[in-house]
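Questions regarding the structure given below will be posed in turn.
The first chain written gets the first letter, and so on, giving A, B, C and D; residue counts start at 1 in each chain.
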Amino acid sequence: MPAHAGLYINVEGKPAVDVRFRVRFHETDAMGVVHHAAYITWFEEGRSEYTRVAGFPYSRMSDEGVNLAVIDLAARYLRPARYDDEVIVTTCLEETSSRRLTFTYQVCRLPDRATLATGSTSLVSVDAAGHVMRLPDAVLATYRKAGRG
Amino acid sequence: MPAHAGLYINVEGKPAVDVRFRVRFHETDAMGVVHHAAYITWFEEGRSEYTRVAGFPYSRMSDEGVNLAVIDLAARYLRPARYDDEVIVTTCLEETSSRRLTFTYQVCRLPDRATLATGSTSLVSVDAAGHVMRLPDAVLATYRKAGRG
Amino acid sequence: MPAHAGLYINVEGKPAVDVRFRVRFHETDAMGVVHHAAYITWFEEGRSEYTRVAGFPYSRMSDEGVNLAVIDLAARYLRPARYDDEVIVTTCLEETSSRRLTFTYQVCRLPDRATLATGSTSLVSVDAAGHVMRLPDAVLATYRKAGRG
Amino acid sequence: MPAHAGLYINVEGKPAVDVRFRVRFHETDAMGVVHHAAYITWFEEGRSEYTRVAGFPYSRMSDEGVNLAVIDLAARYLRPARYDDEVIVTTCLEETSSRRLTFTYQVCRLPDRATLATGSTSLVSVDAAGHVMRLPDAVLATYRKAGRG
């Protein structure tokens, strides 16, 4: 049973969080489909929702001086999303070390659940000067608890 | 004669600053032309260049704790810009009071100089808590000097 | 009584449509608040929702070769939105002529309903070559019906 | 000697193309640095410049019905870019097959030439219906010629 409202166990047995929204018109480009950079902001929205559900919203992080910086990003594009499509971003936490968090993402279109894109991002904790630091214990504990479902 | 490299006197006798760049693909939308919100970022780029030329770059402002917040915005769209078009944003400073700066913008396409859009933004100085404050004297003096050409 | 689910009569007696979402992190800027251009995309999202509720989604318009181009835009910024804020965009249709639609917007923050920004956009119908044309009767009828509540 | 103005041979002996611009304010986020998704649009700008220099601008491609869709993307972030920084994107063409083009990117900051980010994207040619098709011979020949320097 998920530890938190919104967290569920996916078909691979991993805790996952969904966020659902419609494609905005400004996210499209002159090829008539969603621009590939928009998916990167959707991944972030998935990660935000995961963090919210895990009980440690980004907004609280920034109040406590924790900045999570993306250091690595990968995306694969399978089918285009179009304006007005309803999409779901499913986010899992793949790796939780004291220095690095890795999230994976799957973007599906509704209602047919076709996968449009997949991706992953790794993040590190940086202080105000931009130096990599150990993830604060409270952040780590929150993610580890969520990551166990 | 302009007081600063980059500042020139336009046909209406006002100091003006130009910045020139190409339309980026991600700025287009599914109608095949540049999305109307992209012009707002171009106005900002025009204002940035004006400020740079006037000798008080935004980057220095933020170091000194000066935040200029847009409080009012207007834009008129005449002709669409397209991907790869080269455009020029011409920026003038219309109003310089101790509490408010108003910039106007004209976006032209090269090489035919057709006007694509015009606009204006008004900005106020806000402190870290977001309260409106008097513009710092150094900022005001810089703009007034530039505004006189 | 509203003609459509989602349309309601606001305090000024006008049909209105609400759309609600959270501020995305990428919409913020280095001043720590939402960038002023992001509101323009929120206005568009409000207009999209209005159009969807009125029964003539943008996606159908584009299938039928109707392009609505923004020709005029105004925005006033009252208070900053921040990352993770939940906001509501309320959209009304102010003007429906055979050549021009004018929408007005109010962006409020939840839960305190403070108004963050207001704005308006005027749109015209353009053909594939970008020439202004009369709004198609079906589009006009849909909007007029919605605009009467 | 480069085959085209703008193409040069880099230290690894590969043809490369540079494009140079300033960071725009709207590209920053509330962490005070450039948002990671902005680099993806910079990679695209590098690719656009490469294509322009190679003699087959994207704008001509779209006139001829050629759409190049990104199917794969990777980015690594080393140091943050900040507002007003001047950056250079260096683009190389790593792979040119009849079905796939792979570009690599390096983003450096001026004047110290520190590398801020690196990345790669793979693109395929799609027809109007979105089906993958062989790259048109003229496109392929242009890229192959450029790729030989």
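By our rule, contacts are C-beta pairs under 8 Å (C-beta built on N, C-alpha and C of every residue); 3 or more make two chains touch, one makes a residue touch a chain.
Computed from a prediction, not measured in an experiment: that's the story for all the values here.
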{"item": "Of all other chains, the one whose Cα centre sits farthest from chain B", "value": "A"}
{"item": "Between A-C and A-B, the pair with more C-beta contacts", "value": "A-C"}
{"item": "Between chain A and chain B, centroid-to-centroid distance (C-alpha), Å", "value": "35"}
{"item": "Whole-Å gap separating chain B and chain C, where each centre is the average of the chain's CA atoms", "value": "26"}
{"item": "Whole-Å gap between the CA centroids of chain A and chain C", "value": "28"}
{"item": "Overlap residues in chain C, where contacts from two or more other chains coincide", "value": "25-26, 30, 33, 37, 41, 44, 62, 82-83"}
{"item": "In the complex with chain C, residue positions of chain D that touch it", "value": "25-26, 28-30, 32-33, 35, 37, 82-83"}
{"item": "Complex interface listing, chain A residues touching chain D", "value": "30-31, 33, 36-37, 40-41, 44, 62, 67, 69-80, 121, 130"}
{"item": "In the complex with chain D, residue positions of chain B that touch it", "value": "21-22, 24-26, 41, 44-45, 48, 52, 57-59, 62, 82-84"}
